[in-house]
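Labels run A, B, C and D following the written order; every chain starts at residue 1.
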Amino acid sequence: MKYKVNSQLVYTINQPSTFIFNVQVVRNDFQKIIAEELQVEPQLTFDELIVDENRNRYVRLVAPVGNLAVNYQATVDLSHFFTGGKDIAEVPPSELPMETFKYLYPSRYCQSDMLFGLVQSEFNNLEPGYQRVAAICDWIYEKVTYLSGSSNSQTSAYDTAMQRAGVCRDFAHLGVAFCRALNIPARFVSVYAYQLEPQDFHAVFEAYLGDRWYLFDATNLAPKEGFIRVGTGRDAADVSVATIFGSVKLEEMKISVDQLSEEKEPDNMGEAIAIA
Amino acid sequence: MKYKVNSQLVYTINQPSTFIFNVQVVRNDFQKIIAEELQVEPQLTFDELIVDENRNRYVRLVAPVGNLAVNYQATVDLSHFFTGGKDIAEVPPSELPMETFKYLYPSRYCQSDMLFGLVQSEFNNLEPGYQRVAAICDWIYEKVTYLSGSSNSQTSAYDTAMQRAGVCRDFAHLGVAFCRALNIPARFVSVYAYQLEPQDFHAVFEAYLGDRWYLFDATNLAPKEGFIRVGTGRDAADVSVATIFGSVKLEEMKISVDQLSEEKEPDNMGEAIAIA
Amino acid sequence: MKYKVNSQLVYTINQPSTFIFNVQVVRNDFQKIIAEELQVEPQLTFDELIVDENRNRYVRLVAPVGNLAVNYQATVDLSHFFTGGKDIAEVPPSELPMETFKYLYPSRYCQSDMLFGLVQSEFNNLEPGYQRVAAICDWIYEKVTYLSGSSNSQTSAYDTAMQRAGVCRDFAHLGVAFCRALNIPARFVSVYAYQLEPQDFHAVFEAYLGDRWYLFDATNLAPKEGFIRVGTGRDAADVSVATIFGSVKLEEMKISVDQLSEEKEPDNMGEAIAIA
Amino acid sequence: MKYKVNSQLVYTINQPSTFIFNVQVVRNDFQKIIAEELQVEPQLTFDELIVDENRNRYVRLVAPVGNLAVNYQATVDLSHFFTGGKDIAEVPPSELPMETFKYLYPSRYCQSDMLFGLVQSEFNNLEPGYQRVAAICDWIYEKVTYLSGSSNSQTSAYDTAMQRAGVCRDFAHLGVAFCRALNIPARFVSVYAYQLEPQDFHAVFEAYLGDRWYLFDATNLAPKEGFIRVGTGRDAADVSVATIFGSVKLEEMKISVDQLSEEKEPDNMGEAIAIA
């Protein structure tokens, strides 16, 4: 299935400022970039970094005083992996791929070590496997109110577990933290999401089950089939849309995601998404 | 019903230290002190303070280097008030006695303002009244593990809501905080408790419902009929068994509570306890 | 010295709401109320409560949907106690009046038990007495930025010690918490303040030294001689200008404090000001 | 300079448990491993993982019920890089190597985003560069008490900044968090340390200055020249000596670090250490 993504960020720059953007979609076997373009206005030179393991793409630029517009367009062909979720097992630490361990450790916004008691009390008796992570998503969806403006950049999973309100970032952090407290590797994923209303950058999470990573979205705001991956990290700290050093004001943010072809996904192969 | 209380605290004093003890039972209409004695060894002069409103009794003394033993014995005649809990209503803020308002405010260990989201999510849809506070106690009993040593003197209701483990003090703080977040005045009560196993100072809480304070104990460790009140306050900060300024070591603490007469409570009048 | 206070609060009421106001000045030996008037528009009946110990005055009313205006005027004759601060000693716990002990305990916004390490590190080596509390005020004034909007109703002394920004309420909480961690009884005081710019409700604190309570203001925003006491409590939870149960919007708040007589206070001796 | 490291960990295993050890020294240009041996008793198979970027070496094994002894010996030839620290500059975000950015982000135990206010207040006016990080170390050394047992595995830089007590791990976390809040990339380093008394695993930190990483140790407990690197990460979560899934008890931990040759370091080249 092909999608066209368009994202535009417009800033007023009050003093020369350095930006690290993470807005470009990732290239991998399940997500082919057919075409893409990154336009910066005014025209500025920029550095690019691709972090090997997760292939996150970062762009750095220094913006002079005035306006800055960053416009990114991409045509992406998704071929997610689909499977029934019922029989996907949790993997004991003795058998986990060793490169997944870093996603078991607590991170800034996913303090799994501090959520152990709550997780034991709420989720320990559930049947392990894909269905337990799905039950965690249901718990979050039911107990946490999606409320724009209810959290900020310092809000962590620990806070959200108590405040019971947040946005997609907070829902994803909570899912990640709960999984890690159950010894399930979990990580934060920023995506463009088809049919998200209103359009925005979206945040979801992945848990390692069976022999691959599976996507989960406790917000239920958009279908997982239409997630186009931008960044993968331990939590939002790793994949901020824009990390800014300086004094700037975001004036406008506009995202669109359109489906290009109507035909149904022909072969269920590709990036791990389990449709239980 | 008459009870005999005996409590003994033994300390080693490393440097001259000031103690504030709150171990004597309160005198009120529902709790008559037939006899009592406070022995301090070595013999030391001490100050006494009775705080008017709650009638808490504090004793201050300065202990020299060496050993200190404080032995308190009392014979108390309890005449708790009993009633069926089903029809006891919550009182709207417009009709609450104004002296109960201080028990609506957040306090050090009962940060009700920070628990509002959790309380809305978990308890807001329950039917108001005595049964809602009872349901809060059930929630605490079910979700929080009673575990000796799992908390310390800095542990607050906010912490316990997440750690899901604590002792009687933590259970009481959680009950108080949850009630306050629902605009139900609630306060911390330290008691001697008949049939508590193992014997110790016990902590429970009261909520203001209908036209009086009702006792609750989310630990279910001892029957409410046998609670002998020592201190009443906003939280444990107000009614510590011993507030100590200096360097001391608690060597021994021995509590006993015995029933003196076997005859059943003849008239159900006295301090408010609702048996739902 | 005589002052005329005028405070006006205007709300839009979206649903019938209960208010507890604490805006009236306290009557005591150092602060005589020559005249006062409380006007509520629309005309509503209200309850009044004077809390004995601190003589705080609370007014409760239930406002119907529409507008609510509360206008309070008072003419007050202040006769603060002045003394030189240099020789005022801290009082050891063994000699403190027992009614001051409640102001040694940690409270919701003044978690002195959690600030013990910082206080030991920063203030323990300072010479005890009035000058140590003055040094605490200097520390706060120097290290914490007064910044409107930098804190909210949940911000505590623990937070402010780290964020290093706040408003008068936060400065007062920090002063209270630091003192308590040094075993100096301290409490929160809300005042009208002559020459405060811009005019607003103001928050300061008191520490118990020598044989009385002394006022301190780490913000240095107005002269202590012109403080007119409204509420005294453990922290802001006790003396909110308005505790509101319902859905309302504050539309306007207007405060003025004028000096009525020009003659200079005859004996302005010493920084220390005590109001019993 | 050559060192001989010996570390021994002995556990009682109560149920079959999975261990991830990070006790082997890193191989890099500045640290040559001349000989090494890892003995596990009983003899168990284990997985090894070397994380590319930092070359941390992890060993995973599953221990059956009984005893487990892990003994690691290595002979290492250190050739640290030495330079005068005075002229080493901080690097603006626009010029930092992009792979250092991950060490600017807040992590679980180094919540730099929450320490911004404190850091602005305490360190912003200091002259930037190596000497500012050195001043941060001095601040930590002066204001934080090294106290065994004063912290636990959940203690973070935020906590330590307030509690003002901790062990090497906490000192390192504080240094890392302070640097990041100043936009200086910083990371956690676990080492064996020559002349550390008493011997133990040690934790220090690195800051990126000029064109390389420089080692800092706010504890001042051992000379930097004798640090033998084990793990490098965002914070202690990445480089735990042992991450354990199961029920075990550490019975014994024995570390020794001996210098093999007395001759002075001939050429000051190697891993970055600045001797200011």
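Points to keep in mind about this one:
Operating definition for what follows: a residue touches a chain if its C-beta (ideal position, glycine included) is under 8 Å from a C-beta of that chain, and two chains touch if they have at least 3 such contacts.
A quick note: this is a predicted structure, and the numbers were derived from the prediction, not measured.
Chains touching both subunit A and subunit B: none. In this structure subunit A contacts its sequence twin subunit D using mostly the same residue numbers, the overlap exceeding half.
Between the CA-based centres of subunit A and subunit D the separation comes to 30 Å, rounded to the whole angstrom.
Separating the CA-averaged centres of subunit A and subunit C is a span of 47 Å.
Residue positions of subunit A touching 2 or more other chains, listed in rising order: 114.
Taken as a contact graph, with one node per protein chain and an edge wherever two chains touch, the assembly forms a single closed ring in which every chain touches exactly two others. By the contact rule set out at the top, the touching chain pairs are A-B, A-D, B-C, C-D. Those residues of subunit B that touch subunit A in the complex are listed here as 114-115, 117-118, 120-122, 143-145, 158, 161-165. Taken together, the subunit D residues at the contact with subunit A in this complex read 18, 20, 47, 49, 51-52, 58, 60, 62, 92-94, 98-99, 101-102, 104-108, 111, 113-114, 153-154, 183, 237-238, 243, 245.
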